[in-house]
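Each remark here refers to the structure printed beneath this line.
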Amino acid sequence: MIELSFLLGIPAAGAIALALWGARGDAPEMNAAFSLGTFAAACALTLRVIAHGPQLLWREQFFIDAFNVFLVALTAFVGLTTSLFSRPYMRVEVAHGRLNPGRLRLYHSMYQLFMLTMLTALTTNNMGLLWVAMEGATLSTVLLVTLYRTPQSLEAGWKYFILCGVGIAQALFGTILLYFAAEKVLGAQGVAALEWTRLDAVKSQLEPTVLALAFVFLLVGYGTKAGLAPLHSWLPDAHAEGPTPISAVLSGLLLNVALYAVVRCKVLVEGSVHSALPSRMLMGFGLLSVVLASLLLFRQRDIKRLFAYSSIEHMGLATFAFGLSGPVATFAALLHMTVHSLTKSSIFFTVGHAAQKAGSQLVDDIRGLITLSPTVGWGLMMGTLAILGLPPFGVFASEFLILTTAMRQQPWSIPILLLALGIAFAAIFRRVQPMVFGDTQARRLPHAPALLPVFAHLAIVLLLGLYIPPYLADWYRAAAHLIGGR
Amino acid sequence: MTHVPFNQQLLNACAALMLLLSFAMLSQRRIVSLVNLFAVQGAVLAATTLLLAWRTGAGHLYFSAVLTLALKVAFLPWLLHRLIRRLGVYWDTEPLLEISGTMLAGILIVVFSFGLAEPIAHLASTSMRNAIGIAVAVVLLAFLMMITRRKAMSQVVGFLSMENGLFFAAMSATYGMPMIVELGVALDVLVAVLVLGVFFFQIREQFDSLDLHHLERLSEHQ
Amino acid sequence: MTTSLSPLLADPLADCLALVGAWLVIGIAGLAAPRSVRYAGRALFALGALVALALAAVAAWSLVSGVTQTQVLPIGLPDLPFHLRLDALSSAFLLLLGASVAGVSLFSAGYFRESDGMAPGLLCLQYHVFLASMALVLLADDAYAFMVGWELMALSSYFLVTTQHRIPEIRRAGFLYLLMAHVSALFILLAFGILQGGSWHFTFDAMRTAHLSPAWAAGAFLLATLGFGAKAGLVPLHVWLPEAHPAAPSPVSALLSGVMLKTAVYGMLRVTFDLLGHPVWWWGLVPLAAGLLTALYGVIFAAVQTDMKRLLAYSSIENVGLLFTGLGLGVVFFGVGMPALAALALLATLYHALNHAAMKSLLFLGTGSVLHATGQRNLGRLGGLIHRMPWVAALTLIGALALAGLPPLNGFVSEWLLLQSFLFADEIPRTFVNLLLPLGAAVVALCAALAGYVMVKFYGVIFLGQPRESSLAHAHDCGRLERLGLGWLAALCIALGLAPVPVIAALAPVTRQLVGSTVPQAGASWWLLAPVPHRAVSYSPLVLLLAGAAIIALTALLVRLFYRRGLRRTRPWDCGFGEITPRMQDTAEGFGQPIRSIFQSFFAIERELPTPFDAAPRYRIAISDRIWRGLYQPLWRGVRRLADAAAVLQRGRISAYLLYSFATLVILLAVVLAT
Amino acid sequence: MRPAALISQALEILVALAAAPLFLGWVSQCRAWLANRGAPSVFLPYRNLHKLFHKEAVLAQNASALFRIAPYVVFGTMVVAAGIIPSLSGRLPLVAAADAIALVGLFATARVFLSLAAMDVGTAFGTLGARREMMVGFLAEPALLMVIFVASLISATTALPAISAHLASERLSVDPSLAFTGVAFTLVLLAENARIPVDNPATHLELTMIHEAMLLEYSARHLALMEWASALRLFNYACIGFALFVPWGIAARGIGPLGLSLAVPVLALKLAAAGAGLAVIETLSAKLRVMRAPEFLATAFVFAVLGLLVHILLGGP
């Protein structure tokens, strides 16, 4: 109860406070402090859930169960590390004159607001509020994408806004249909008919056709934000043109939360539609995303776009795994969401520093990082290898489970996945290798990079690859049972 | 053929009007009148809400009618007109798909959405189940309009009219959404438009025009 | 009896783990002073060599004591902690690992210097992680642990390959290497995905008991063949090998060729005979045919190489081919119910694995010394080094003769066993197959002979004749530690060559584990190898050597006694030809010329011939791999084309993007309505 | 093993050592006759050896130790080879140590050392000869191996005495596979012993010679050993031929001194016939261009493999 109010209250307060004083010299520290508070609250909440099981709070408007609690913790954690990373990063940006204090204020305030929407979306029990929060997430980040006011950033922001706005509108229609179906069963009792817990309780009685249609709208809506092909078009632009911390949180958090929404809906729909249709749709979207992303990866020359597409690929993989929907596959999908967000954000941190050093995001302009700054170089190399699914990093663990399951259950998908993964590997690695290795003329920059976040993330990913703590594993299992456990 | 009560006829008329207005917007090229049409659509929506409220006596419907009136009939059109004047964008250039073709596509969409709404409609207990199909059509037509337009402004109008369609759908299917949700939605729409306003000026100062073809640089197709 | 012995002997698996841990510790210790050559480069590597020696001892002990131990480590996936298992098969390969690594590490201790590449400390880390991961692969008893070890092996070796990362070719080689390694790993992963047979238990025990339909089983076998084959360099998946192995520092090349390739063979054996259990006879034809093709292909390309390390790399491809040939033959024999013969074929494979580990490591290390002394890899710029570096020359000669498969050295023993097992192929109760298999023997014989050709070229051009460069005049012999390393491996070659019977006896548990039968040793004594008692066939390198030595000694003695006339040194005669210069000797290209002309169809050759009117006539010839051009380049182009096609979707036009969403929505809705 | 076996073993080797040069002399005499030349004495090879042994050895400055060791190794291997080929009797203790495959291995060893030694001084001809020798070798060796394979498939063993005993025990029948392999073997013999049409032992014509080119730098005792070794090689090949194709008259295991004393004249007869035949072939055929040699040997290889197939197809006698 109290933890939740802190969890949501702190970022809200932070948004207001930073809107007022976000331009001050110590604003980055304030930002970090608020994020720290949020993280503390998240930890407390997590502990409570571990102790007392699922929580239904605030007139059932909020609901914490095994599925979303670890996402909450993850979100708060990445939020914290990203704020730590953005301290030196943004300072340098200001020093380079790419930003002025006013925009810095906008940045900080919006950052907190974004965290608020993320956490609300995760914790709310009300499908309507979920929608509101998702839309809020778009609105709070769209101005951050255009923070630099460059033509490219404006274009990216516009596409982000329009595509996600339209997508989310479809999701609203889906929600309406959900409400419509729920009313048939629960009677016209207002808000209650949109509460996930109640819907989940009666899902078997909900009208199948309507829910199937609703699922299509919801899938298209939230899928747009999750960056599933062919709804992904906004993603690379938004990731590449915004400031790197934003790329990190977009990749690391927003996609997760959107996928979370999709899965919540899938649970309801599958309960009512007694067919494999929803799973098939997820598999289809997943495969398409993996394939398309790997192909588009192949000709990337902009490092941030490169990793943006890789995010699409991995979201696709997770979606595919949710579509496979056995306990093992779902477990793998959840694990994959976790490790991907950690790894990808750490990669964006290193990429940010590298790009700052080189003064360019183009791969060809970045060379010889391990001679220029060994920590950044090795960080990028390790992160890349992790995201490419090489052990002992956690991504390998999830891909191991996903592929073996797919081999058994959907053999037809294997050639496609193999080809796509192979292409993606080649595409990413042939770009990153010369960035890290080789010679360079560039000289070291004065400022020290913030590498604590990078290596903290990588350490956790490494740990997850070799040893998943029992309680975490239990969460995963419980969540897997909740979602896909047939 | 049973006798249809008067207000029912009115509701059906409103529904028809919504559809008509969508087509009008689809064909309209002057941005100013586009905005006006949007305002009228908002008005129709508000009227529908009022009728329903009067009929069902659901209090929150009155509220949402007022909300619609304030937001979509009064405030947003005023804001948009102001932007138009400030930015001096009165005409949309030739749409990507010429008007007649767009119309044809629109017809197909209407057919499709009626087919889509059919299974939902025969479940609906509300007095205007037939309108659901129209709501879907309005949404999809707005979508089509966003696809075919080249000016940022008209795309935004399309976006807003899609919002109208959604409200209309909510009305016709379930007499509106729970209050808290409607408030949230309204808030989002409001913020969205404000953000858009900021956007317009940023785009303007970069490209001194709101033509979307400026926004086609970020391409994989070098 | 083990209980009566000291606890160390009682629990070899724990010892192995401790030693592997020691390797990791050594590796991490390297980071303490990464730039110090004395500490990280010398001391730690020497320490690692000791650990390797200990590992070899433990493995040998567990092999002879025939214990099978399992253990579960508390790391890994929640439902799948690391299962480890030490049985005959893994012990045999651990023995291989330890024995050859001991020599390589010893050599490395004297080899690594301050270079522009990675710091010695980092090298030390990657090197020992590499060793540890290979050990993990051999010890793993569940799919996850195996894959972790497998990929870690590829990863650490990738970093070792790209030590000189400033050179673009080396980066390219590394990229190709890691890519192929990763793809092959995916194949293996999928094979395990089949093997777990829907029981979602990825332990090897579960796989042993899982019942697969024939189709699934065949699929698993083929996937495994693809995966392990790619790692081992089977044609046509071999292209990365001649790029990656030469790119690495020589000790690493030695490990890659000598040891890592064997892990692929290990995996193949493990999957085929242990996990799948009952291979169908025709499966064996796949590795058999691929192996023969690979062997021929590799040796032919080796013959025309002009870079000494590439030459060795191709020769490794040849030997991998022979290994897979023996393996495939084993599968066929086992499949048609001839376990004793299967044991013979597998014995040949195992023995050859051991041999190749010893001799190829030896040769690669030799090239390393040459590289250090001269800075040359190109055969065209070497020559006459036998005078400058007698130690390296002498020790390398042993390796070269062994690799050429000459008695009484070790190369011949495995060749002999392989041919012997081929001699039974006509007894296979499958018509047409028994007709074709003896042809395999012909190919093997051809490869063996060609290997001799290659080795004469290798040794003769590097060490004999006159120096082709003036700079070679001040080449220096290798240091003491390097000598020790080379000596150890040379000793292994000789031992394996002279004492086959004890080795085979030691390997007997392995074949018993794999095919439930062993090579009978009836009628054989410790010095006489007689694997097929009912055929009066035997071979005794020791006696052969003694007889030969006796005769040679006698001859020398007689010559000394009766004809002691003086010995005069003068200019070479060369048919009274006038002044002779180093340029008159055969170049590497020249020496390879017959092969090139005979097997022309194998190569894609570009010649640049001088015309009679050239002011400065120049002869250049470039040989490239047809498979690379015919298979990989088109593949790459195809992917590129696909990518271009995909890029058309992403043209930056927002209307198009909206249209995608719209279309997706409509289509999905239509689908839902349709169902 | 019993002394009798040792004696026969020693006898075998001594006979080989003694008879090899004689056989060489005999062949060249026959060639001379066929060419209507005045024939040199049959004992010319002995004189040559004697002369060479008494000369002072001249060595190139940059000759390494390998160069000096090689003659002894080559000679030694050839003698050992002679020790395991049943020419007089099948009772040879050494055979236990090396079967037919090992025999081929021994030949290979000799060849490799010969070539290495030839490359050692680093003269144009030396390396040229070494290259050509290896070229001939890598095709001849598998061919020979195939020939032996057929024989051992027929007699289910790879031990030469056992093979010849088995073949001898059979009733005289024309085994088609043996016919094929017989041709193959003859070709290999010609190639391996540097006879026309592959090489010409009589000349030092630079562009065509193979074997002689490798010996150019040798003199005196080293050359003597090399020459003797090559004579032995010819002798060994001849004996292999006898063991495989005319195995009769070789004293089988049981038979004692009598059998041996009987075997000697038989061997002499066989050698005489073989020498004459060799001379005839050489006289009738013309020297091939070096680049044609591979085709020549490829033919041999193919014939041997054909023999193998025929055997498996027809199941042999």
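In this document, chain identifiers A, B, C and D correspond to the written order of the chains, with residue numbering beginning at 1 in each.
The criterion applied here is as follows: a contact is a pair of C-beta atoms (placed from the backbone, for glycine too) under 8 Å apart; a residue touches a chain by one contact, two chains touch by 3 or more.
Quantities reported herein were computed from a predicted structural model and do not represent experimental measurements.
Participant: Measuring between Cα centroids, what's the chain most distant from chain B?
Facilitator: If we average the C-alpha coordinates per chain, D ends up farthest from chain B.
Participant: Quick check: more C-beta contact pairs in C-D or B-C?
Facilitator: Contact tally favours C-D.
Participant: Using mean C-alpha positions as chain centres, tell me how far chain A is from chain D in Å, no decimals.
Facilitator: A distance of 78 Å separates the two centres.
Participant: Go ahead and note the Å separation of the Cα centroids belonging to chain C and chain D.
Facilitator: Centres of chain C and chain D (C-alpha means) sit 36 Å apart.
Participant: Nearest whole angstrom, what separates the Cα centre of chain B from the Cα centre of chain D?
Facilitator: Inter-chain centre distance comes to 100 Å.
Participant: So, what's the distance in Å between the C-alpha centres of chain C and chain B?
Facilitator: 70
Participant: Mark out which residues of chain A touch at least two other chains, giving numbers and ranges.
Facilitator: Residues 155, 158-159, 162, 166, 209, 213, 236, 296, 299 of chain A touch two or more partner chains.
Participant: Check each residue of chain B and list the ones that touch at least two other chains.
Facilitator: 116, 119, 143, 146, 155, 215-218, 220
Participant: Looking at the whole structure, which two-chain pairs count as touching?
Facilitator: The list of touching pairs comes to A-B, A-C, B-C, C-D.
Participant: Please give the residue numbers of chain A that touch chain B in the complex, ascending.
Facilitator: 126, 128-129, 131-132, 135-136, 139, 142-143, 146, 149, 151-152, 154-159, 161-162, 165-166, 169, 172-173, 175-177, 179-180, 183-184, 188, 190-191, 193-194, 207, 209-210, 213, 236-237, 240-241, 296, 299
Participant: Per the contact definition, I'd like the list of chain B residues that touch chain A in the complex.
Facilitator: 116, 119-120, 123-124, 136, 139, 143, 146, 152, 155, 159, 162-163, 166, 169-170, 173-175, 177-181, 184-185, 187-188, 191-192, 195-196, 198-199, 202-203, 206-207, 214-218, 220, 222
Participant: Okay, in this complex, where on chain D does chain C touch?
Facilitator: Within the complex, chain D touches chain C at residues 53-64, 66, 72-73, 75-77, 79-80, 83, 94, 96-99, 101-102, 105-106, 108-109, 111-112, 115-116, 119-128, 130-132, 134-135, 137-139, 141-142, 145-146, 149, 152-153, 156-159, 162, 204, 206, 216-217, 220-221, 225, 291, 294, 301, 304-305, 308-309, 312-313.
Participant: Under the definition above, what is the set of chain B residues touching chain C in their complex?
Facilitator: 96, 112, 115-116, 119, 140, 143-144, 146-150, 155, 212, 215-221
Participant: What residues of chain A sit close enough to touch chain C in their complex?
Facilitator: So the residues of chain A touching chain C come out as 155, 158-159, 162-163, 166-167, 170, 209, 212-213, 215-217, 219-220, 224, 230-231, 233-234, 236, 275, 277, 281, 292, 295-296, 298-299, 328, 385, 388-392, 396-397, 400-401, 403-408, 414, 418, 421-423, 425-426, 429-430, 433-434, 437-439, 465-468, 470, 473, 476-477.
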